[in-house]
């Protein structure tokens, strides 16, 4: 049993980490922080979680002493995470899984542009491993600092990975993603996330300005060499959980892809992947199949020079807490799917 | 006061026609058909409509005699509409507004492919006017047969119209549309439209196979000359009313568009349009602003060689019944917005 | 055309008043206040309202001078309304329709207990007329100060009125009401009204402590003499509009009520009521039949010594703005349903 | 490991049984039937369930041979269950947990009236144990035939049990229950359960006619001697899971109950109950705290001669499948909460 801590455990991602770890056979949270809830028990703060193992664990203040050496999940805002990674990973030499966006982007100018502040520890950036488990599994096993991927990038980079040999022939990749409110970053006090403004409504946001677009581009380029036009548009669905992405690839010429062949190839490729599911028809991909699971479901269809991929994940699970635990399982040499199935 | 009839008045579109005409100063429905509801009063069938004028009007059987010469709205399925247009427009010389898809597509092969049956009256097709009011207004004034546009095409063809001079420089137009259940054609008895399968869920459907794609292409080509790649993907939202379309234009080269200039130009262009609203930021476009109205709202943003337009309509109003009445207002020489504001 | 003002026009009730008055033939809002929106046009603040007549009207500050003598709607919080009634009605001799709870309760001790502050103008309380139109119509015609009823009381006092001759034989009246979020008084910034806390959720609130319980009791006693046990429990539905009340009457003995007889009697009684609808079966009463209308729908069923009434209204219409305008129509001698059908 | 079967495993209750048993350490489903899905694997039929253990189990036809002696869950309609209990329990001597209503009611006349058919095996009725675990735990341990309680009765009989010593002083118990669609018995093909008819809507149903009212009365009388007036009204919420019941007790006189005293007494009483949670304030009871759990949450408040209890359960868990497995755990001498926490 490995003891761990969660910094920022009072938010949606922290809550999801607690929910998963409650049924994990090998990892036990012993130190969880939230200034808002300090002193309260987990079962008091989250009566909707059915917690037999860790219900009596109490929240600590952020300033309270953390047990030496235990690995930490950082479910903190970007700027805080930037500082905490320096302290916990660099100075205290802990294993750190950072769920924020602060160490994902390599280009400092792009980072500053999309996150709105200058990175203070550029040297550490190159030491992180990007925690997209299916793609960087071997590097993650040996990592001490994992930059856990954004929810939108996870839903996009996983399915595109299986087309990586062809992506050098793609001119444009146009991605239209739709997320439930838990994936869109709003606080319950924001009027924009009130029932009145979400229910029976739908809208796009941060058009051509979302911080996940350069993240997608960087890792897509990294694994496939793609360097052409990539467009990402996020939308806000009137549901609580789940992201569905519609990914349109425009190939340089027709017949770049034979759907049947590539289906067989991918099917073979993912045979041992515990959390990737390929479906025959893209109409079968829907949020309800992935909600509260760690799966990434996808399927695709090609016509002439266009391939459309539909993918879906649960933004709090595979898009955040689930993948974070999947990564720590690898680092600690536990079964990859422990706690997640 | 002009008396009119509605064939197929018991469905969602027929109900919306009744709701609008109840407050119309110049058009009065006197003959409405529905085999399911024949003999019942409108106010009994639709207690949720607040009908002071036509609440006591009774539904007739489809076989019942229709008053001579009155104009007719056809809110009937595609195959029925194909036959009824022949009878009511061709033989009986009535004014007909057909809300089905049966006379929109000019190419007979494409028609048969997407609608699944051979067109029996190809000669009539060329006599119709496509009822996209803002674009074909002058032709509609003189028309006797109007093929009222599909809901998705309306949300897409209106905003793109204001970019028509530039569309010859577009390589790809990628459209991702999301519709509430009332725009997706399901019947209340379909398990796919049960609460259980829609609520807290989201999915794409008819991927690369939707009958509205060739309709969009035909009229886009007609008014702009665009003939390159067009991709349309419809999705099903867990809401009742409204369509939001995300339209990505990939230009042949950068700087094809200056947002500020084109904003001013469009603003000028639509000054007298009663139902088109241009917004400064595409993030302002949302379903709740157009639900239960006849508006088409849109806005856009450009980066390098890409322009993203976001548009929204109410699928039952501007996307069906509202536009149908807007068109009949024009034909009968009434004020275009009568009954619609 | 009578010019009127709306104090506090930026909230949900103010918005509903604007929506109705936009299509009213005889009443025109010329002065509307909201510190938050001062200087902005109505159509900018509420793009989801389709306003042809008053879209360009601008919001004023609360301090701005109000045209002399025009009648005013007060859509202000309780304490503000208490003061404003003194100023506008008592000092400036205007006609005032107060939509708050500040002048509804006659008993000063009860008032202080449920509203949490001492009433400063007890003398004015007895000058108000309670604006439950169907019951106090003749008094309202002659009123200058109308205390417009609460939304829950409206849904309860209207149907019970038609049983008033029997209510002296009732021992207990147990009312279980369920309201959409717009009827429950929350602001969009309250975490309790966030999408996350309302959607796929349901709860009761203010149990045995809601300020509408004494309001219901006072007027029920006033029109029927009922003085026994009355219990009211409000609940919060995951919908936006509408209240459904389940009213259980326990009679002193069996056979107090013959459903068929009383149905005929009520049917007769409401024949000329423009906004009361009686249904045969209580299962037919549902929110969707009254949303966006000024109707109060109800039905009932009796078994032995128990009668269950189910009623429904739209809380923003008949439960607030609609009834307020219905009352002003009466005072100004316009057609009672003008603007409301 | 005990092998079991599920008859009628293709519906919502069957699906929930499969979901729970997938993570049960001691009970393994080996034979599951559904004519609709016969031949298919569980993971194909329910891709939204994350099934590691039983995903490859195939559905059988109802006629297929069932392994000898294994205990069976009956998730079948009332009439079928009546027959199957005779066959499986009486003739084949199996342990049977019947989730239908067919063996719950002792009075044959009442049974016929509320279920609409005559009971064919009256002798068996007296052999069943009613499976309300918290109340009949010791009898259940020794039972071979369990009539698993209805979802509404579970939400009502559990909290009332802790008031049983006082209920002889109650005159009236008025219960207003609200259920998500999964508890209201509709099939996805019923128009009444379409998204269009549930969403942004609310209504009561089966008023004074619901089959669960006599079930509640019978067992309430059984454990407390209550024999006065009991009224139960069910309502349909626009959510998928969960029941919240508002239970109003009218005592014969005031001061029958001291809230603080009874709170302490109940708190003591439930100390070892794994699935009963008492809250301080009835406003804290909400659906989201019990969804996807086996808990029954409740709280209460008294004023003069009235006590209001608010309770909540998940209708598919504690209201059906969860409680069924809790009962089989008792019979098989496994830990009561196995598979349920």
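Per-chain residue numbering starts at 1, and chain names A, B, C and D are given in the order in which the chains are listed.
Operating definition for what follows: a contact is a pair of C-beta atoms (placed from the backbone, for glycine too) under 8 Å apart; a residue touches a chain by one contact, two chains touch by 3 or more.
Please read all numbers here as calculations on a predicted model, not as lab measurements.
**Q** Over half of the residue-numbered contact pairs in common: that is the test. Which of A-D, A-B or A-C passes it against C-D?
**A** A-B
**Q** Distance between chain B and chain C based on Cα centroids, please, to the nearest Å.
**A** Their C-alpha centroids are separated by 38 Å.
**Q** So the centre of each chain is just the mean of its C-alpha atoms; given that, what is the distance between chain A and chain B in Å?
**A** 39
**Q** Just how far, in Å, is the C-alpha centre of chain D from the one of chain B?
**A** 48
**Q** For chain B, jot down the residues that touch at least 2 other chains.
**A** 197, 200, 238, 240, 288, 291
**Q** Given which chains touch which, is the overall layout a line, a ring, a star, complete, or other?
**A** Contact map by chain: complete.
**Q** Note which residues of chain B are touching chain A in the complex, please.
**A** These residues of chain B touch chain A: 172, 174, 176, 178, 197, 200-208, 229, 231, 233, 235, 237-242, 244, 246, 248, 250, 282-283, 285-288, 291, 301, 303, 305-306, 308, 310.
**Q** Contact residues on chain B for chain C in the complex?
**A** 47-48, 50, 52, 200, 277, 284, 288-295, 297, 337, 341
**Q** Where on chain C is chain A touching in the complex?
**A** 181-182, 188-191, 193-200, 238, 240
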